[in-house]
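What follows are several structures.
Both complexes below contain subunit A, partnered by subunit B and then by subunit C.
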Partner chain A sequence: MPKNSASPLYDVLKPVFGDKIEARQELKGREALRVSPAALLEVVRHLKNSLGFDFLMDLSGADYSGYPGHQGDPLCVSYQLFGATTRARAWLKVYLPLEGAMVDSLSHEFACANWYERECWDMFGVHFKGHPNLKRLLLYEEFVGHPLRKDYPIMRMQPLIPMRNAVDYESVAVARRKEAEEASAPKAGN
Partner chain B sequence: MPMDITQKIPQWKAQRDDGFDIEPLYINMGPSHPAMHGTVKMVLKLDGETVVNTEVEIGYLHRCFEKTVEQKTWNQAIPYTDRLNYVSPLINNMGYCMAVERLLGIQVPERTDYIRTIMCELSRIGDHLTCIGAGAMELGALTAFLYFMKARESSWQLIEEVTGARLTISYGRVGGVVRDLPANFSERWAWVKSQVEENLGEVSTLLNTNRIFIDRMKGVGIMPLDRCLSYGMTGPFARASGFDYDLRRDEPYFAYDRMKFEVPTRTGGDNWCRYEVRMEEIRQSVRIIDQALAQMPEGIVRVEDPQVSLPRKKEVYSNIEALMNHFKLLMPGHGIRPALGEVYAAVEGGNGELGFWLVSDGGDRPWRLRVRPPCFPIMSGVEELILGEQVADIVPVFGSVNMIGGELDR
Partner chain C sequence: MAGDPLQEVVLTTKLDKVLGWARKYSLFQYPFVTACCGMEFMSTSASHYDTDRFGAAFPRFSPRQADLLMVVGTITHKQAPILKRVYDQMCEPKWVVAFGVCATSGGFYQNYGSVPGIDCFLPVDMYIPGCPPRPETVIDALLKLQERIQNQRHAVL
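Here is the complex of A and B:
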């Protein structure tokens, strides 16, 4: 089982961040902290620079729409942080709405977040603000929808796409990137 | 501090000294390419033979694993986990079962822990043999590949004798394993061990002082420790860069806390170090199996808990309670139903930390089953790893990454 640090992370972070740490969950002997999406980058930076969590073990999403007892926004992004020297683990979660789900990208803090976030965008449609190259990773650019969301029917057929050549493919990628940048621009100001 | 990757790119000249314009050459390497074991595509931008930019494209083996298992019961997900890492399926099997057991809060019998340890190490030996053998073959050392395939064949024969299958083994069960080891397991293991050690010695002699092999491996594909940590790499790849982390020792599961073994590390971070770490790990795995067999207690191999284990067939046919129990475990909507909760559990896979994040809504199906594939962060670092190297060096670098499409694309 993962080693526990001297005091629970909640007690360490709550005095520093106050309401930005929204809640704590006890999950089979481990604590997961629910962080406000706006404060995620700040909390992760603090964990990385002051508390030694310098390693991103996993980043993934989950859709809690209809999950028994779940309150608040349904789309969850979970972060498994790890200390390369301390060997401690931290589990952070942010919850986002299904429409316009957006959270800060960690790709400037951890190099591996680049691909993890692309996968999360691919599967859940979470937009990561500040990601340098947010496009689909496992699926193809023309795929419609985000399949790991609960409202995506398992038997849905995808439209056939025409044969493409390298030039077309590049233009599609560029257009998608531009689209994503435009989508993030007005919301970044809010 | 992130390394300045631009330093690795050779100075780009738009015009050569002799006045001729040059333009970069774009090459698609893959998705189906003889040196790309696994389907992956690399778009290379080349200046002569030197890689100046890369884009790695994955997803060619995507089989909707995570969406599919949400429609299956907890037990039905077990065969799907075999196909995650098809070189060491037992580790994936056992890792998933362990995660579900943590979610249920059940303790498996002690003998099961030892059986799982043995089978995982047997799988790890096969995994490393394949990685080194295939990597050496791509550099022209076909003999080393054949020796290692011979050794792997013996270990797979043993796996077949235990599980009944070579690849799609589905040997793990929630709460234990399907059946006990065969009676002659120790003698058979002695034979496999002799095969593995003999071939390991032969291949070491062939490769360790081989000028061509050394030149292609040493100093090629260097991953410095700071970048390795930033990329979240684990396993033999990270240990070759000096990140001394092994889940078997640091967060022991199964029977690893009772085993004596060393975690080999190197600091060079190049292909050669990764080769050395994997070779050494095979020897350590042999050591672990020897100890586990010597210490293994007698006993049952599946927990006697009617909530997770099927009753014995003899009892199903002879009394009503066992028959009801049987149907309660197999009917849709019944079966194994962990209470509302979540767990993240990880085991040391062939390539590093293999994590399972399970979310249960109290039903008979996983609400969410996330796999943290160990070669995913390593593959995301390949773009940086081959920058500034020659095209021919992509092959050994990619070989030492040990990409497994099944777990990478899921």
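Here is the complex of A and C:
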């Protein structure tokens, strides 16, 4: 790839990987490539070894359950790569199902992926295959579930020590939602 | 009693009052600083506002030597057992100040991570509102706490 090449990454990768590059998305002038989860490691190795993307800038998770217009698997892991000599960026996304979300770990390609992936596991429950130490990064070991998933009750707390006077926000939230649903539901007989 | 020579040299008072007076002006604080309120705490204790003027500035970084626990900042559920342990290590008599809204009520955090106010597991004597509180607010709370210490009962074995 020539230095400062303007040719979109899609055109570079599509002939090499074919169907493994599933789609191309555009967001604010930047292209994101939707990669098949099974091929992620292969694509990243190619980017790193042949195209000079030598820095994993960021790895983040997102849960698109119920997101307007979203199709397919809801759980997304998004990778930002950067080439220090080419000054080019690559943005890859993989989409995973909520149950048994699993994708290859990049921690053997980029050491910094180690903690990113632990955080992503902690918050979204994405299992990174081949990670040397996949345990929670921010939350405590006793925590059950993955709080940034949409199906985690937004107000659920899991205290480690007994709490007194604490408002049970989870029940409050459930009651409020029920009230709102009842208010908006069409009344029988009308 | 006029003419009593003792009146010239002896001051009579109550034990509670003496102890209250002594304790309110020798507050040794343990700053449990977890978040951005710490900046405001520093400016309050440093020379511009100087809580030392009120006899309540000397920070001890061992809870065993402190009698005022300043909880400055957000307490998460992961942090709560640590704070509880720090509190348990402090000797009686001891007081707790919740510094800022996060320590007071959880502030704008209402989620899986944060404790909705440290009074869920600690007895709090003084709440300081604000995000972060202004130094004047902190000093006001300190004075109010001192007033309370002065007037409370000090049990002597």
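General remarks:
By our rule, the second predicted complex is superposed on the first by the 153 of 190 C-alpha atoms of A that agree within 3 Å, B and C clash if a C-alpha of one lies under 4 Å from a C-alpha of the other, contacts with A are read in each partner's own complex, and residues count from 1 in each chain.
Quick note on the criterion: contacts are C-beta pairs under 8 Å (C-beta built on N, C-alpha and C of every residue); 3 or more make two chains touch, one makes a residue touch a chain.
From a predicted model like this one, the values you see are computed outputs, not experimental measurements.
When subunit A is checked against subunit B and against subunit C, the one touching more of its residues turns out to be B.
Contact with both subunit B and subunit C is seen for A:Y140 once the two complexes are overlaid on the shared chain.
Once chain A of one complex is fitted onto chain A of the other, the partner contacts of A:D58 are limited to subunit B, with no touch recorded for subunit C.
Shared-chain residue A:I154: touches subunit B and subunit C both.
By the touch criterion defined above, A:N114 lies against subunit B but remains apart from subunit C after alignment on the C-alpha atoms of chain A.
Residue contacts after overlaying the shared chain place A:W91 against subunit B, while subunit C stays out of touching range. Residue contacts after overlaying the shared chain place A:G69 against subunit B, while subunit C stays out of touching range.
Comparing the two complexes, residues 139-140, 147, 152, 154, 166 of subunit A contact subunit B in one case and subunit C in the other. Residue ranges on subunit B touching subunit A, taken from their complex, read 2, 28, 58-59, 62, 64, 66-67, 71, 102-103, 105, 227, 229-233, 243, 245, 250-251, 340-344, 353, 355, 357, 359, 361-362, 367-368, 370, 372, 376-377, 379-381, 384, 409-410. Listed in rising order, the residues of subunit C touching subunit A in the complex are 77-78, 80-81, 84, 110-113, 115-117, 119-121. Subunit A contributes residues 1-3, 25, 27-28, 30, 32, 54-58, 60, 62-63, 67-69, 78, 80, 84, 87, 91, 110-112, 114-116, 123, 136-140, 147-148, 152, 154, 166 to its touches with subunit B in the complex.
Against subunit C, the residues of subunit A that register as touching in their complex are 139-140, 143, 147, 152, 154-167, 169.
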